[in-house]
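Shared chain: subunit A. Partners: subunit B in the first complex, subunit C in the second.
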Partner chain A sequence: MNKKYFVLLIALILCTTGCWNYKELNEIAIIGAIGIDYDDEKELFDISVQILNAKKTSSGSSSGSEQQSPVTVYQSKAKTIHEALRNIVLESPKKLYLGHLEILVFGEGFAKKHLEDGVDFFLRDLESRKVFNIVLAKEDKASNIIKILTPLEGMPAHSILQSILSASKNKGIATDITYDEFLSQIYANGTEAVIPTIIIDGKVSDGTDSKDTSTTAPKTKLRIGTLGIFEDFKLKGYLDQDESIGYNLLQNNLDYSIFSFPCDDKKNYAAVEMNSAKSKVSLSIKDDKPKADIKISIEANLTEYNCKSNLSDEKVIEEISKKAAKNIKGKIDKVIKASQEKYNIDFIGFGEQVYLNNYSYWKKHKNEWKNIFPNIEYKINLDLKLPKKGSIINSAKEG
Partner chain B sequence: MKKIDTSINAIKKHIKSKTNNNPDVIFKSLTFMNNKINVIFCESLSNRDIINKFILEYFEEKNTEQKNIKDMLTFLEENIPTHKTTPLNNYDELFYNLFSGFTLISIDGYDKVLSIETKATLNSSISTAQNESTIKGPKDAFTESYQTNLGLIRKRIKTENLWLDELKIGKQSKTKIGIMYINGIVSNKLVKEIKDKISKINIDAVMDSNYIIEAITENKNNVFPNFISTERPDLVAMKLLDGRVAVIVENTQYVVIVPITFNELFQSPEDYYQKPINVNYTRIIRFIALFLTLLTPALYIAITTYNYEAIPGKILINFATQRDGVPFPTVLEALLMTLTFEILKETDTRVPSSIGSSLSIVGALVLGQAAVEAGIVSPIMVIVIAITSISGLMISYLDTTNGIRWWRLIFMFSASIVGIIGIVIAGIMFLINITSIKSFGLPYLSPVAPFNRKNLGDTLLLNNKNRLFKRNSLTAAKNQTKGKEETKNE
Partner chain C sequence: MEKKNNYISALQYSIIALLMSNSLFVGLGTMIILNISKQDSWITVGAAGLVGLIPILLLIYIINYHPALNIFNKNTKLFGSFLGNIINVMMIILVFITLTINIWDLSNYASTKYLSETPIIFVTIIFIIPIIYACYKGIETIGRTSEILVFLGLILFAFIIWSLLGYSEFDNIKPILVNGINPIIEGGIRYISYIMIPFFLLSVIPKNDIVDNKNTTKYLISSYLLSILSMFIVLYMSISVLGIDIASLYRYTEYYLMKKIEVFGVLENLENFFAIHWIFNMFTLNTMTVYFIMTYFIGIFKVKKDKPKLIIILIIASLSVISSLYIFKNSTTAVHFMKNQYPILVALPIFIIIVISTFLISIKKKAK
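Take a look at the complex of A and B:
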């Protein structure tokens, strides 16, 4: 008998929860992307929210009726991010749901001055995951990026995310970085954060119209830009394309990328496609001075060759790989130079290596790192292998 | 027990008064070698051909030889040309024999009655298994005839150790119950327990083997069966060889096997007729189907009303789009569809097959396209219910399928109250429930819980060694290696 009452009790306890947190799927607005700007005049956060449109198109007339936008954007301003988000309730019939946030876009103005005040909410909020990706609107407002529709992929937030992932993996100019990784880079000792950027090609007013994406050549498109660099919570500048690739090589982020380089003196070019790359940055202290030793081993395939030479010759291959290595080495050289001389910001993480391996040295020189860092000597040891030449042996030019 | 009278008229009178002058019962008076003889039989149960050819003709032919026979009863018992003649000495046995289709011969002056087997065949012939069909393996199934069923088992196990104990249960029906087991493998304690329990049953009639098992089982409040009731003689033979006990009930197609474990409910005899590696594939699918049929609606409810974060954004958007415009809460939608399916299923079993096709047309329309287009349910819910029901139908035992229905409902309710946490709570309750079941002393989840390594070879995955050379040591009390010489029985 007792057992029966016990089961009944459990069932009753379950009922007392009163369907806590219960919400039907069509009562929530699923947010794909959020853009954060800062209104300097009124001193308010300017939040724009991209809500995925879950409305059923009337069946059978998908081509006839006017095309419906896949997303809707709401904007609101308030002193805090959460209040601004809640204000959207006034305009939207559904309650916002943050759990499937894919992209957080920082406006440039916000990233330069007010980032510090804007990171707390997303860390504290229970609903959002901390693994959404972040991106910076290069020389633009985040709200503009949020409004642009994308071709091929219906959900712009997902399209941006895919573009970043692809640009970071197959090209190397962006870095796929999530919110928690970004913050841990900012908080970490001896390294600074970088952020992928995004640019609007064309007019914003064209990009918000779903007619634009239904043409073969949309007037307005989103394009992934080169990396932006931070010092603490402040955006300090941008790397160029070569520097971004060099950065990603050093960080072991890059697996596949194409490198073009001249293969003779007559302005003819060849290209190699990288298959795998492994890099290791190690710092040693010599005479109370850190010295960086960078080892990179790359395996690549020759994918295009427009010079005239006999590729069946081992020596020629060796020469080509030397030239390719020189090209790649130049990119790495360039990014280190940029970090040491142009910005004096240690985003490559030399300081972190010292912090991890020579803590006593780091403790002693922590405060003067800004002076030590630009003068660190480094040596790049690049080992490039070209095991495959593709389906043909000689250059197509040779015939 | 009333002894049989010596006068044939007294016997006739007694039978007539006891049966309220039943017109079915035929009395035929003869005079045979100066003896008054009464031939008594029940017209509807006996085979008139046999009675005419072997009994009445015998009396007529032999009547011409005027011999002087001292003991007419013994003479007839030895000389009537049938295979089985038994003398009876009390009315209980007399009535039982009479209403089993036997022909009785009463002779004036003797306090015994001769009983001759003249049963009419009132049973359907052996046909293929209807509900537990297989592709490979034997196709024959049990019939309503007790003797045929015994024969179907005996022809598979031709050993003298296949023992049969017979009881008669049912105040009115006097149904024969056979308890079959293999001596030397089975646990004697189990046989004694089952026999004791069955003999204590005090009911009016036994219509099906389920009557017996429900009356003796300790598993009354559970939805899952702790027995298998099967129509396949090969399965019964297989289980007997593992030390189980089969309960065969007169007039039913279903033979009950006890004790069993939970995983056996999801096995088919066909599993043993194929390569183990291919069987394992099927068994894993059955296992997945079990989870699908239990959890799919609950998971769908939990995901779309509480735990949106559990699925990728793209699927969530799809779900949300599908649900756009559906007026009911997801729980109600799921219950509605489940109800519709259950009604269809029940109707389909009860409906005469001649109007079955119209039912399937209406059913497909109601469950599918029309309901979606009318905006009553979302298309995704149709898929959810379809997956649930198809997976549920994969289990061949009706008792199991019907048990799972209850648990599916419990899962759905808990999911609708607290989402995935509710499913976890219901899951724990489910586990507690099935671990606590015992099938005649055998833990339901064995050999997994309690863990028994020796017998793991035939649970989720089948191992050839367990199939061919080893008996299930949980049920086989003795002689655990297959094919080994019988050890001397104690």
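Take a look at the complex of A and C:
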């Protein structure tokens, strides 16, 4: 009797192994990046996918395949993103696999007008992890970005991701933002979303040729640009470099950056390298008006000094600190001005601070926030410490 | 002399309760609470947890009454043979509905996340096989299995929460009470109605079948409080990491929450750890639900041998599998049912039975 049950159990288990879902690695096309554009004339989503070339990867750098591109790009158009992706099976012999998607590139036209219509698929899709990064093709189409090969990383999608992370961490002009974080910013009350951008330096036709990446100076390269700003689901403009750094400082996104500033009246410059930064934006309501108080503490090292001064003198160091602080403060001031005056878009998140900490005021004034926000007075308290001055103790010019 | 496998310890008893109540983590429970109470969901769980102690204490009161009897025998003793049997049948129907929903929830989850191309019937069968086996082996096997699963589950849970701490942002849970107290009350009612049922299922085990039954009340309240704490942590983490807009958008919020985690840049796909943890909990819940129904029919048919017992289990399991395939047209219907009908059609009648039983017991005790 027990044997019967045992056989029955084994038979049932064999029927339920889940083999319906098996996918062989050689039957799937692993997507590294997806670009989304919108064809306004035909009113169709224009999707381009960058697929890892498994043939190239498996054959390594054997002589026969050296000129072969590490990725292949397919493009398709349809009324929905999913249909456009599925249409690619008409060209690709393998089924697309979204599980390793690293980068989603928005074309500028798509980001300006049609983003709202295209966000659902990637949230709903079961295959993709929701933690892939997003980037905007500044003044360009996403499909062009997807096509460009990169010299130092075989997989361009990975190269773009690493460039964003590096530009975000070490320079401060980009922001490392995942898809769900971006949407969270769009949905949030009292703040607007910001997105890193990418630019093509050179001709697209050169960048798609793998011969270009095998030279010491490729003609076409991808470069991380400054931040793009959104209002609801629409791209409204771009910040410049100083504004992007100021934004990232305010959002606590920035750990390392270089700040150059004049150290005398003779157009000589000094540079400090920021090692850590912490900022806090708080809003208080006085006389029914919000007032912002911004506190930033920075620790930096003096890394270059091209003026003539005695750096052994503490007063001189203090003076340099003040000049560096003024320079950084200028960037913060500039980004707040850009948000209040140039765009009247609260991407800094003053409104969010009110929403989080003074909800009754927010409830009362949220509909007129557009009028209140540009007039918010703010105070910046920046404390910059300069504990180290590198390998030499004095200015090289001073001797 | 009764078989040895009819006895469990008070610790195993409370562990079963903990695992069953933690099954609310994924699936329908958290999603419904997040959608009703929004960023105040964690307050909802805290407040409802305290109010929910009332039915739990009433249940303990019933469990302590005539410790040699299970809930069905207690009902016939309290309400008389005719009314008691009607109440028992009603309870079986309500518990069977719960079983069907839970099996649907579990197989739907596996089908959505992992086995999208596998026919759902096979997914359901693979989940029901160990349940049949555990029920056939008896309550001691269920208790011992739960004992193993709880420690694995707690380790996984602690690891996941530790991994999530770095992603948590306190600002995401602010502002609180923006929509007043109503969403908290509405969410709280749902939460109490969901968490009450697993504890109710335990009443099928006579207190005398618990070896060290002096500690039962203490352990049961501890496991209830622990499950409230776990749920509180899960909801707090979901909101503070994802933000309420994204957290309430997903069907399986915690699953996507886990997708964010990357430990030491190496460990990824921790959502699968969480899925295992949840499947453990659902396994215990469904096993106890089948055990509850099985005990009723064993009592009705006065079954003593193993073969008819197995037949009863197989019939219950088959019926639940079949009805789980047809109970909901789609997940929208399921969410709607769990949100609006389940608390009234299933939880409320059970709560009324508990209250009336408690009332009758107290009268009988006073009369003595």
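Details
The rule is simple: the second predicted complex is superposed on the first by the 375 of 399 C-alpha atoms of A that agree within 3 Å, B and C clash if a C-alpha of one lies under 4 Å from a C-alpha of the other, contacts with A are read in each partner's own complex, and residues count from 1 in each chain.
In this section, a contact is a pair of C-beta atoms (placed from the backbone, for glycine too) under 8 Å apart; a residue touches a chain by one contact, two chains touch by 3 or more.
Note that this is a predicted model, so its numbers are computed, not measured.
Within the superposed three-chain model, A:Ile28 lies in touch with subunit B and out of touch with subunit C [touch as defined at top]. In the superposition on chain A, A:Met155 contacts subunit B only, with no contact to subunit C.
Once the two complexes are overlaid on the shared chain, A:Tyr97 sits against subunit B while remaining clear of subunit C.
Of the two partner chains, neither subunit B nor subunit C is touched by A:Ile393. In the superposition on chain A, A:Tyr187 makes contact with subunit C only, not with subunit B. By the touch criterion stated above, A:Arg129 is placed in contact with subunit B and with subunit C alike. Shared interface residues of subunit A (contacting subunit B in one complex, subunit C in the other): 15, 19-21, 129.
The part of subunit C that touches subunit A in the complex is made up of residues 112-119, 122-123, 125-126, 129, 171, 174-175, 178, 242-243, 245-246, 249-250, 256, 259-260.
Against subunit B, in their complex, subunit A makes its touches with residues 7, 10, 14-15, 17, 19-26, 28, 30, 32, 52, 54-56, 59, 97, 99-100, 102, 129, 155, 158.
Subunit A contributes residues 9, 12-13, 15-16, 18-21, 123, 126, 129-131, 180, 183-184, 187-188, 355-357, 359, 362-363 to its touches with subunit C in the complex. For subunit B in complex with subunit A, the touching residues are 304-306, 308-309, 313-314, 316-317, 319-326, 329-330, 373, 414, 416-419, 422, 425, 429.
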